């Protein structure tokens, strides 16, 4: 199968119009020593039908969240995606367009991003949002870089209750910089305020906080912000966008930059990507911010239109002095997110958040009634993800539960070696009481067994 | 294009001599027209010192960034903060209300390196 | 003017349904203080209004399925439809990223097999699919540079980039904490060897290069370039934006590159999505394998199970929260299976044929600074039109919109005045290329005889030229009317 349309006659005709006899002559400027000559290594193509079959077979070797009942989260969640989302993002007008460099013929993409920016600002309580980063973790990393540039300081304060995998991405992004990471201890599942007080001083560029944190607990942003000693220190909050459907906005609680993983906004799990890093901040920092930004303007006849703006921050203009090297972002995923947020709307997002909260608390209550299971962090507020401590070998439990058809959650020891027997469980609006009840009874049976 | 009575740099700044070793600096009409619509001026701080040729501040148009260089060594003694709200002044009146900063020079001999109108115009023609 | 979705809002209108909540739980006291009384002010529209809104927006876009999109260095080739269907198979789209290895054998097998093909195609030894875009691959590369030299105890703080390089190259070098040294191109449009020799010493970590370069010219001295860099202990990074020119013909690994990134959303037909998502896997030579981000895909010791391996000794860590844009990789893999590596070689041949055909037919009408054999793209200049009739390249670009083709990349590379950087790709037919030639010639003639028509273009687009200065002087970055 091929997608080059020329017939051999056309190829000949074109070549001869150029004064060539063979295709090889088009490559005579490549030195012999740099040529690839081992044709035998090049495999043959195949038909669409065969590729379809091959891919279907490969896909069927994978087990999905439809094969299991999924209680696994940790940053990626099994949520219902309304039908509208895929219908819109399947339109070639959106998915086969490039970055909107020619605004006159890109108003669809540009106006959409302006609307997306507006929705993200309303969700987070911030002034400006960009047109996306690669994912939540890279958005967090870019937020740290931005905070260092704004504050001209280099100390980054990170609570242990922030997802260690994402922190690892941040640290990789900062390799070669003068960033100094200072960890704050965790106490009963949330940031240890005394330790925070000890670690904060006037040299801190940013304090990072995950909201809710990596144990599902809702951190008290206001109290954290109150510990800041310097006005220059930036408060970077990484927020779960569905939780923001219920909880107070980080922007109202003192955040300067709010980022997050947008997968839950209508994007399939796809083994971790493509997802969506959303990125929002206060207006006064716009010139130090990374990524594309769309602004409203008018055409020469006074008609409303949208353009890429603040482009002088970006790599294609400012090169080595750019605020980031990002070029390609997650454009189409912002369409998915906008359609998701518009489909759910004001009431729908609240309802998804509410159902997730209620179902999670139902399951939490039922599970923690079982002998051998206890609350890992009692008396802390959580949203739709929580940690239980199970008096058993979690690997065995997980293995058995998978056999019964459940993805029972994430074993925290992988991320926190000091945490034994702790299981992180996520509950979305998709789960039913029936599913949860049988989940509980299966675990009960296994623990007894 | 350019104006009599001013001095010019290689990098398209104009320089006007005022009293007491103070020079007023802006960018030429040629420079502003090359940049296009100017949308942002990042002004220096009063009291900061620069060597001749240092980047003093940045001017941004929609799709370009230009650096304004110190025509001589010295200390910034005034800035035109009108440009913060109205950067278009640089396009509209580059030689008048579009001035950028005033610098108190430490070495008046450096003035000899600047061009006069005739020299600047012939440079532009190249 | 298309209304904003917020302007369509009517309080109480809904486009969603959810099952009734089947558990009886109330908010507990612990959470109460954290709850926002007022729900987020999102649009409230019906499903039909929503669909009409997005369909209307979509009609305002130019896209590959509508017409030729010859953006230089962007490789806007046709996106086969089968890719889209495959990426949507449940077995790919519904996998949780924390799934156990035994639950993702098909996916790992695909990544393993794709890696095999990419190794043959590039001459590299090991790949990671974690980077989500070309610039993200570059970033991964620069971190490997950094860690490699740190481990060797060498204090190298500079990166060389040619003046024709993509802006991402110098921006990436800065993000790696390196100082950027820009070297000028020679009169043939290639890396100036003397300038490179002068710049290259034991304080330089390496060179970022694309080959063919952004002028579409193959760096004939590539082997000597590699030798100069390697002799001083530096590394060579290959920006894969232009790989569409040389697949199966010349491999970066054989040219002497130590790290390469590929743009699966360019060369391997995954669509651009109005700006993304992309996928920018990087491949390295053996001696850098241990520096790759974790995990990488491996076959287990008995050779029949695939697994994710986190044990790389000098790994730079992780560059993506999970494993990169796997959903995009699926599309590129399907494309590679359809064409085979043989077909990819043909892709490069046809891409170069098309570019040379356009160049040859347009060089009389537009100034061609580097008049020589090109690869998959070439750069014209509108400087004669500007000098003779004050018609700028921007005007020419805007006029093209009136004829239903997308303009090329303009004003890049910066070493050509009034640049028009044209990359037709292999998927355009001869008719389509001839049509493009006709349009470009017509605009050249209009620039002479009727310059106002060009200067005032576009005339037929949904909006006319937009006031970009206003957008920056009076920034309006979100809809305020709550």
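Letters A, B and C mark the chains as written, and numbering starts fresh at 1 in each.
Note that a residue touches a chain if its C-beta (ideal position, glycine included) is under 8 Å from a C-beta of that chain, and two chains touch if they have at least 3 such contacts.
Keep in mind it's a predicted model, so treat the numbers as computed, not measured.
Ranked by number of C-beta pairs in contact, the top chain pair is A-C. When you average the Cα atoms of each chain and compare centres, the chain farthest from chain C turns out to be B.
Centre-to-centre, using mean CA coordinates, chain B is 39 Å away from chain C. If each chain is reduced to the centroid of its CA atoms, chain A and chain B end up 46 Å from each other. Centre-to-centre separation between chain A and chain C, using Cα means, comes to 20 Å. Touching of two or more other chains is recorded for residues 468, 472 of chain C. For chain A, the set of residues that touch two or more other chains comprises 317-318, 321.
Residue positions 40, 60-63 of chain B each touch two or more of the other chains. On the chain B side of its complex with chain A, the touching residues are 40, 60-65. Residue ranges of chain C in contact with chain B, taken from their complex: 411, 468-469, 472-473.
Put simply, chain A touches chain B in their complex at residues 287, 311-312, 317-318, 321.
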